[in-house]
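In the two complexes that follow, chain A is the common piece, with chain B as its partner first and chain C second.
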Partner chain A sequence: MGGMTRGYLLRRVLIFFLTIWIAASIIWLIPRLAPGDPITAMVSRMLSRSGYIRDSAAIIEGWKARFGLNDPLPVQYIRYLSNIIHLDFGYSLAYFPTTVNEIIALALPWTVGLLLIAVFITFILGNFLGAVMVWRGTPRLFRMLIPVGMIFTSLPSILAAIFLIYVFAFLLNWFPMMGPYDIGMQPGFNLAFIGNVIYHGTLPALSIVIVSFGYWSLGMRGMMITVEGEDYMQLARAKGLSPFYVLYRYMVRNAILPQVTAFALTLGGLVSGQVLVEYMFSYQGMGSIIYNAILTQDFPVIQGTSFILILMTALAVLIIDLLYPLIDPRISYERG
Partner chain B sequence: MATVETTPSDAVVGRSAPPAKKMGRFNRWDTPWINPKLLSGAALIAAILLLGVLGRIFWNTDLALTGSSPLNLPPVGFTSTRNLVGTWDHPLGTENSGRDLLALIIVGAPNSFLVGVIAAVVGMGVGIFLGFSAGFLGGRVDDIVKLLSDVAVTIPALMVLIVIQSLIRQVEVTTMALLISMFAWPGPTRLIRAQVLTMRESGYVQMAKLSGASTFSIMFREIMPNLIPYLFASFIGNATGAILTAVGLETLGLGPQRVPTLGGTIYYALNAAAILRGMWWWWGLPTILLAIIFIGLLLINLGFDEIANPRLRQASH
Partner chain C sequence: MKSHVRRLSLILILVLLLGALATVSVAAQGDVAREDTVIFDIDSSDVPNPTNFNPEVPGTNKNQGAHQAMWEPLFILNYETGKIQPWLAESFTPNDKQDVWTLKLRDGATWSDGVPFTADDVDFTINMLLNDKTDSLSDAPGMQQWVSSVKKIDNLTEEFDLKAPDPRFQLDYFSVRIWGSLDILPKHVWEGQDPFTFTFYDQAKGWPIGTGPYKLTSAAPTQFVWDRDDNWWGAKTGFHALPEPKRLIWVIAPSEDQKALLLSTHQLDSAMNISLGAYQAVQAKNPNVIAWHKDLPYAWADPCPRELNLNTTVAPWTDPNMRKAISLIIDRSKNIEIAYEGTTTASQTMFVQYGGMAPYITAIVNAGYGISPTADVAGGQKLIEAAGYVKGSDGMYAKDGKNLSLNIQVSTDTVEYARSTNVIVEELRAAGVDATSQPLTGSTASNNENQGTFEGSWGLESCGSVNEPWVSMDTLNPNWLQPVGTRANHDLVRWSGDGATAYGKIVDQIGTLPLGDPQIPGLVTQAYKYVFDETPVIPLVQAEKLVPFDTTYWTNWPTAENNYNHPATWWNSTHQIILNLHKASK
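Now for the complex of A and B:
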């Protein structure tokens, strides 16, 4: 068998679009089940702050008409979906003439960069530890690391972030507490700037790494134990191949495949954790934007950033799913 | 250490084959249910719950209200950067707006569990229903359930909930739990479906079928008992996930506003720059409590996994 069948491909693409559609619909529908509408809520918040607004009822009506909130719900829904498809999230309320997309464009590279680096380190470190755990040549002391990693796996990334900020930024002052680079530094493609970005990114990336590497170690360990029992392992040893060669070419290569699928399953949680870590570190990514938007009640920004993150996650899962049959030709994909 | 890989996400549980464990079942104390991990995890969780119950009896929870205590007091035996000395009136200190931290965690900690339990119960119920239907009925039903759970597992729950809760600003603990439970069903569904699919082909189910047992009786008398450890593990995993999401929402300031929560306390602490002001007790206590909760749940989950997996071995032969 092997390779990618048409059914598999269609199914994955279907899942991708369904994910986007369902997530977008939930976001739209649930708040509308609650009593009240956003305009009334916003004007009454303004009322509570500034005391009195003349003709507030007229203002509410005017804006409702302006935003089409008086249209029947299906019409509103279709309009919403069409805006989403065009990735048009409108204007930020807090920074008015700026569009949501401009704000996202500033933040997205930072988020993607930090996420990729953290995930890369986690995946390598976690799988390495898991593999080494089972390998016969590993010192005993080293094997003790896994249970420790396990304990960390149960913790949310924010707890790790708080702890790291307190110890390494506040107490020891080894790392900066916030931001993606020093304030006042001119972003550019030079060594000093890149070094500074790495320096600032260490703690945020570390918060993600320490809460997730145990997960990969465990999965890898389980797979390695399974692979260890295979006949080809015995053959490899009987052939007198060097232990390192056996470890890498025979064990790791076979064991790591299911990890890739597991990776697709954890992406959603990973993105969520990342957003919270960015907010903790005031990192210039989607997390900080979401947090600021929550503070300023900038709803279009919240919606836009969240949707982009959902879209990114779904897209990443799709890519992994499509790459997987190419990586592992043993499994047939007749039926998902 | 565990011979079994465990993760809060139960979708991967079946990946490893644990080495066989010798079991002599003659002594009544020699049951797999007396498992050190399970018991120590349960003890941690029980301690937190006990704090919530006893605290309400022995401590004045009205002190969790704003302005009920002096501001920024450190815990007993410590002196704050502003030279305030901790007193026994507020043994764990107070925060920025005059809330007593002991009262805060007494009221806040059980709320986290409430979210976890509600979301896990709902997710479990839906999961049992969908998982059994899919595994047993197969065909169209299975296709749809599988598709939907594949879709739901991809959606980052926190992102969706952030949008929803930033629109509905006033949420109660239960509302938040129900919203979170919208994303709690794919895990159990996938797990149960996979287990039912394997067990359906197993000897004893075939035997029951041959002896003319009804589908219903096969489901609940033959398959269900074998699933119980998985269901427990999945329940705990789900509760952990739900608490995780809830804490995420709370630390972003989107949690319940009227009742104190652990995540909410961290949110206020960070907002008031408690780390920079050296008020470690403010953010530290809820953090430690959350860590204990999560570690307790993890240990329970590990325990269940050790109980569950010999059965997995038996069932698949």
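Now for the complex of A and C:
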């Protein structure tokens, strides 16, 4: 492999597994440090619904035994580790007999669908604006307007969501205010339904885009400024190349490398969803799952969702590390 | 480059399609017009397990339409009349000793797949609960506590042999006393299934099934669609005409803002509970929205009155006079005005103030054991001073160099709890008690109460009685007493001593009397003397539920004037509401 030794590869893979193991242990431990327990939480919810339960102690003990929560902690830990090796996160405590994998399978496509679009739009828009802010050919007025547009990027996404719901769903009635598709609509593999899903996804996606494109713009702008001072830029201009050609072939292509790295990391984190945005729009994705799991102290769901997030992020980092020498010949992991 | 873009677009569309397909669809049916559809909300952020319809595991949602549209109860308690109305069953009669109950089912009732609903289903369900060795199916503890055995007499008759006389057996378990009731399961589907892991869902087999007039059409984490079953047994047998709504939808509207927006724009016909401010905002946009009362308090009182509990094992609340002092200092009217914006009423006793409870509440109040809606701060301070406390320069009472403090834990489950607690804390501090509130998650607060590891707790533990007093009174019965650190089901304040023992004996006696027995009001008054004297519970206010109904598409919603039953659309009794709805255009 160009620029990479076998020792480095082994070390990197070892670190990958070590990271996964440490992170998996932490996500097993943290929920257990919190006061209360999931079974009591489950029975409390029953109690708050029905107002009265004849013998809650019997129900709690029965379910604790069923879930193995009375076993010593080391036994629970070993069982947990052996299960996650097979990506088996067991049953949800709050929604038994549904398994964690079933819950994730139902939510993940919605989150990935929504966030993938939002992240791509954000990436393209942010980098485009970052590039044109530096480019000499950009009209002055446009260059001044871009920072104004970035005011939104200092907002948390939940505020953006509230703003968008109020303006575009309530006042103007252009978009639906909640849900992944129309109330009463029958899901199906047809254009009407797909169009409706996209229509419903617009505001949630927009609320992510408007608060995060500035991050990409600023990053791109910084890189563009650095690139602009390089000798090859002087040469390109001296050669009389068109400004747009210089922008695209010389500036953007060199400046975008670190952005692509960050983008890959962002993709790794996609699976965690956007908890508050999904909550605000009543969107049935991973964010809602995580929110519910925290409220209900549903250990297996918290562990399952966190583990997938960690796995995806660690994988993204590993892949980037391994691909770097291939993408950029200047990077080498060979000794000496 | 162009081909890359095209490929990328295709991938994005595919991902979206996958998302769409992840939603479970039972059967795509033709569109139903809005004016033929009733839309309710579910007070939840999401239903992560939309295809779990096993009513016996604790995590299952039943109020996503399952027990309002599909699973019918045997009987429905009418809160307004206090009477139990027959539904799937015609009668449930006890013997003289009240330890053998005979259930008569309605002839002609069927499951939605056409199989008759018979005593075999009752027999199977009860035996399944009795055979649960772990005692952890939701209805197992109740059945195992009371039922010795069940016997099928004929296809429509089932006999229950109880371990001890229980005059409230029908009321407590089969009559939607509060929220739900024991669901009878179809033997022909459940037989041979593991009752813990069976989800009762199979698209191909048409599961879940019930006896109700609606069948599940689709289930997703954010909405559930139910369509009318025109073969419903009720219409065929003359029990009731088919309900007018062709489709019922339950949607998730997690925040109050969303509920208000949906109600304002006719996208929701009823919401579970909203604040007065939201209700007024909705009415300003949509004047067709109504509530239980036309004017303040607007809200309907749900059956769980709010109260303050002081742990009787924690000094100085071991002293009944100190507990009484706190009760005297609290101004319930002020709590209603500030925390509830006038939407509820003050509690006179520990009981919910429904018509069926009036004889008992009146007897208690007439005996001088009722509590005032206004505060008697001077009276409370006098009791504190009698216990040796002196007010310091900081305005707080102290004894032996230690301030008189009170930590009140409160669940963060709804904002109502915190608002009410904060008003109480301010009143106590103004009177010289160094009170603080401690917000905790619902499960932690509940666990602390059950374990007895709290000092003060804002709660609703007396919840239970609706048309008779025993269930609520039993929540203070020292028969339930457990030491601090051991989980208790009732008597969470750990009330004990001579007064508590005497109280418990009278409550036990009430427990053996038939419902409506003329001795009960007198006995209740005798027992309540101990509650008044020793103040093991400090009643605060009635619970408020402001349930808005939009009359744009549907009329004949339950109101105080049209009170065919209460307006809780998340309860098993909602079948009554749905059958009573009329299209607004008619």
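Here, the second predicted complex is superposed on the first by the 221 of 336 C-alpha atoms of A that agree within 3 Å, B and C clash if a C-alpha of one lies under 4 Å from a C-alpha of the other, contacts with A are read in each partner's own complex, and residues count from 1 in each chain.
Just so we're on the same page, a residue touches a chain if its C-beta (ideal position, glycine included) is under 8 Å from a C-beta of that chain, and two chains touch if they have at least 3 such contacts.
Keep in mind that this is a model prediction, so the values were computed, not measured.
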{"item": "Which superposed partner A:6 touches (first chain B, second chain C, both, neither)", "value": "neither"}
{"item": "Partner chain(s) touched by A:27 [first = chain B, second = chain C, both, neither]", "value": "first"}
{"item": "Touched partner set for A:159, first chain B, second chain C, both or neither", "value": "first"}
{"item": "Partner chain(s) touched by A:150 [first = chain B, second = chain C, both, neither]", "value": "first"}
{"item": "Partner chain(s) touched by A:179 [first = chain B, second = chain C, both, neither]", "value": "second"}
{"item": "Which of chain B and chain C A:317 touches, first, second, both or neither", "value": "first"}
{"item": "First (chain B), second (chain C), both or neither touched by A:103", "value": "second"}
{"item": "Touching partner for A:295 - first (chain B), second (chain C), both, neither", "value": "both"}
{"item": "Chain B versus chain C as contact partner of A:15, first or second or both or neither", "value": "first"}
{"item": "Intersection of chain A interface sets (partners chain B, chain C)", "value": "38, 41, 162, 165, 170, 177, 279-280, 291, 295, 297"}
{"item": "Residues of chain B that touch chain A when the two form their complex", "value": "1-2, 4-9, 11-12, 15-19, 146-147, 150-160, 162-164, 166-169, 179, 182, 240-241, 244-245, 247-248, 251-254, 266, 270, 275-276, 280, 283-284, 287, 290-291, 294-295, 297-298, 302"}
{"item": "Residues of chain C touching chain A in the complex", "value": "8, 12-13, 15-25, 28-29, 31-32, 37, 39, 45-46, 48-52, 54, 57-60, 63, 134-136, 138, 140-142, 145, 178-180, 196-199, 217-218, 220-223, 225, 247, 249, 251-255, 257-258, 261-262, 265, 267, 303-304, 413, 440-444, 446-447, 450, 460, 463-464, 471, 487-489"}
{"item": "Of all residues in chain A, those that touch chain C in their complex", "value": "35-38, 40-63, 65-66, 92-98, 102-103, 105-110, 112-114, 116-117, 120, 162, 165, 169-170, 173, 177-181, 183-184, 186-189, 193-194, 197-198, 201, 279-280, 282-284, 288-289, 291-292, 295, 297, 301"}
{"item": "Chain A residues within the chain B interface of the complex", "value": "11, 14-15, 18-19, 22-23, 26-27, 30-31, 34, 38, 41, 146-147, 150-151, 153-156, 158-159, 162-163, 165-166, 170, 177, 215, 218-219, 221-223, 225-226, 229, 258, 262, 264-269, 271-272, 275-276, 279-280, 290-291, 293-295, 297, 299, 302-303, 306-307, 309-310, 313-314, 317, 336"}
